[in-house]
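After this come two complexes, each holding chain A, first together with chain B and then together with chain C.
Here is the complex of A and B:
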């Protein structure tokens, strides 16, 4: 259409300007950028100006443990999610639509169900006397209840549950875009199914795996609700620690320093993701 | 062959079985909560010794639950309306605008979706305390509109990108005013995007926990805050009853969405 600019009837206006975006821009600057920047400033001004809050965060074993927990859980959750999501996305990409829509329906139902509802269900399922422990004991696999809650195992199970749809849905898109012909050609040329998987299907779906995996990792790093409820007080993750520093300890300086570290890591990974897949493809998932 | 459903052989059975297991895993907590809400054991024994409706009776007997649900509905409705209106205007600029920094602007407007909510929650909490919006409905609506905005912008820009602008131009050439052409030609054409935006924006506020925990006051609680507070005390089956009603709501929303989408796309 832009090629026809010369023939544009005078009655038509040119392209839209920035005007329409002004309300959104004002909203975001006033109620998002300003509050966040103000918060981050408090990390270097409270209680006294200087970098002592960051020194505290990096100098204490307690905080190092929280950082370690956070990265450990995010890494494990991402790895498990990728491994579990891939076969499901693979099937969804080639399944007959009637069957596929049932699986899609279940994924959407799980994703749209209130986050607290899902976490509550896992709290009940995973507790000492919960269904999972009872079943495992009844069939004789274990004699003592497994500690599945108030530790990082519980957090990991709950987080994988929450993150699976975010990994499966974009991967289906990637897999649907692969031409089945390439794999038929590989088979004709004598590749075994394993070789075809390792040398063709997997490499071709790698962009989707990287994009989804990075998204899951970033979301896991800053997750608050599920780790707080399933992890208990002794296995805190970063977001839970920040909330506690502000809400119970009223230590705004330390809390906002920790928030700044989380923000920095998140934004760096987000920028990497944008370079990897481009803004359009990343947000096209919803 | 690996992408041909009919020629996968034994691998298909294995992959289908695995997919079935994952689907069961995804469905398990949802079904479990609904069953549990009808179980008679206060200690959540499963399978329950008997079936009862008493948790629902307890839920409806406590006006705090209903009040929290109404508060949530009110805030989410206002946030969704604002986010869709502001997002719609912004989408026209983001898709059709020709100005420097358009992609940067798009990135900025979508940032609330990627920044960890806990960072935004304490930032807006501190900010509202200072300007006197802490614990108010207006404060809730503003904070939730910020969080809902990306969920409104993404489907609307996607719909707008798929719409051929020359149709709108044709209406103008035929005598419509630019505003009229947008209202009567473009908006109907992208209504599915607008509708998705409204649903996503509503859910973004309705399900939001973290900002709400910080913003809530004893007199202003949303439903997630009420559930959160109960969860921290005990795992009472009343929460299962409330949760089941939320599952019911999700299911009806999914069905309504599917029906409306089908109707709109005709």
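Here is the complex of A and C:
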């Protein structure tokens, strides 16, 4: 997210070049680079040197299913988050600032509330005898409880809720930068509200959607608590699988390989986004 | 009389207890270039927005060829508009921007292509079709906005201070462009500005707004030469207001006494004043002469500063009553140079070209 920080004006760089940055550099190497390299090494050395850990992960139906499941959940969560976040972000962008900052505060507050608490709260809401099912049955909309937990639906609901702020924040920034007059111009040009949204607002907010979407997707890929609590065992995701490999099976090699694959995918996605949004900037002047 | 093309009837817009527009009524013929002129907050933009459909009037009506526009949403009004700020779609090329109104109207590709080329040549940006708005200057962006607003042949073009973000030289260039486009397309233009020069240069008629009402509507000449009120006289062109006392009126020609005690007769008036009423006499700076003519009145002044402006000379003079006035004598250079030395002297004006307003 901070690629631009490297392009600071010279005045903000250390007075004596690399020397001043040395302590920070050592810190980064010690706590970020060394563990990642160690991870990579473990994945190709344990239990015996070679690529057999990766071969197992790619060749085994069970693991393939976990990978597929992980990407499926991350994709669905990202898509649903975008759809839910857009109207909220738009409302925040056009609200009177005083009211907007209150709503903003509520969103931030939900981010600060303990993750585990929020996930357990969803368990209470979503279970067979939970508030949602009981209410729906009471008003006669359904006769059988809906299966809202221990499946993909539960994971999606719980994760979308947690990811929303990460989508809303960048999106509000992008939407606020769009001059409302642009939309009035579109209307006078003959664009119906739907046309104005599809042809003007949506393309103009794409950088925000891309930034938020990438953040949500990457966070979802490695998410542990919510899928574990709301998804049940048949919907295991990569993070859950890594935990099981290391905690229960003590298979550090396989766990490291899985973690390393996750890291590679994340970096590839980030590179892709830089390319897409960067290229757009060059030609579109957004 | 035939049905007016665009008709604004008793238009009123209130925001809470603040009334932005007070029962404005204007009839606008087809092909007209009408400017709404006025200081900010005078209701001119609000009136324009009511026509565009951005603001719903509290009461009154807007009729286009006899049909009310009020129940028609903005995107179905078929009105073109150029805005104060740059409102081009930043993610679309210049050509795509101009094509936008045609695309949302689902016009066939061949027609869109032809029309875009035609519009870009109208605003003289033929070679800019593939550029993005971000790569254009402010003046070029407004010309693209103009092309976009005209692409679907709207019967009315609204312009909301489109030149206010541009520098002076560019403004003049685009003013000429707008006049030419008005001539070539015959589109009815409603133009909002607070700049009197712009209004005088561009429009057939000017509606001068003040506090949500139209103070006077007429040609630039009407407003300049026959101002209906002191406000009009001070807003259009430069004016000097000399305090005066009304003495008597005979056959529409008034006799007054100025602050320095001199008596001037032959002032043309269109309203009634009582004897002894406090009034203000308006004299345009360029109405002053350095030499007496037939039927001119004299004013004793002291020249305190002069500045040379090329086509004319501007003199700051102080009257005997101590008021500073602006004098721009229209006379040949030789006379001007000979006459303007810092000194006490008489200057002259034609009372029939001066106006009397209540104080």
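The rule is short, and it goes like this: the second predicted complex is superposed on the first by the 255 of 286 C-alpha atoms of A that agree within 3 Å, B and C clash if a C-alpha of one lies under 4 Å from a C-alpha of the other, contacts with A are read in each partner's own complex, and residues count from 1 in each chain.
Definition applied: contacts are C-beta pairs under 8 Å (C-beta built on N, C-alpha and C of every residue); 3 or more make two chains touch, one makes a residue touch a chain.
From a predicted model like this one, the values you see are computed outputs, not experimental measurements.
Contact-wise, after the overlay, does A:203 reach chain B, chain C, both or neither (first, second, both, neither)?
So A:203 only meets chain C here.
Does chain B (first) or chain C (second) touch A:239, or do both, or does neither?
first
Now for A:36: first (chain B), second (chain C), both, or neither, which partner does it touch?
Once the two structures are laid over each other on A, A:36 reaches chain B alone.
Of the partners chain B and chain C, which touch A:76 in the superposed model: first, second, both, neither?
neither
Under the stated touch criterion, name the partner, chain B or chain C, that contacts more residues in chain A.
Comparing touch counts on chain A for chain B and chain C gives B.
For A:192, decide between first (touching chain B), second (touching chain C), both and neither.
Once the two structures are laid over each other on A, A:192 reaches chain C alone.
Would you check which partner chain A:184 touches, where first means chain B only, second means chain C only, and both and neither mean what they say?
So A:184 meets both chain B and chain C here.
Could you list which residues of chain A make contact with chain B in one structure and with chain C in the other?
The answer is residues 184, 186-187, 193, 196, 200, 283-284, 286 of chain A.
For the complex, give me every residue of chain A touching chain B.
1, 9, 11-21, 23-25, 27-28, 31-36, 38-39, 42, 84, 87-88, 90-96, 102-103, 105-110, 112-125, 127, 129-131, 134, 161, 164-165, 175, 178, 180, 183-184, 186-187, 193, 196-197, 200-201, 218, 221-225, 229, 239, 242-243, 246-247, 252, 255-256, 259, 262-263, 266-267, 270, 274, 279, 283-284, 286
Please output the residues of chain A touching chain C within their complex, sorted ascending.
Residues 179, 181-182, 184-193, 195-196, 199-200, 203-204, 206, 283-286.
Where on chain C is chain A touching in the complex?
Going by the criterion above, the answer is residues 52-54, 73-81, 83, 85, 87, 89-91, 100-101, 103-105, 132-135, 145, 148-149, 152.
Which of the residues in chain B end up touching chain A in this complex?
Residues of chain B touching chain A: 1-5, 11, 15-16, 18-19, 22-23, 25-30, 32-33, 36, 43-46, 86-87, 89-94, 96-99, 103, 105-112, 114-127, 142-143, 145-146, 149-151, 153-155, 158, 164-166, 169, 172-173, 178, 200, 203, 207, 209-210, 213-214, 224, 227-228, 231, 235, 239-240, 243, 246-247, 250-251, 253-254.
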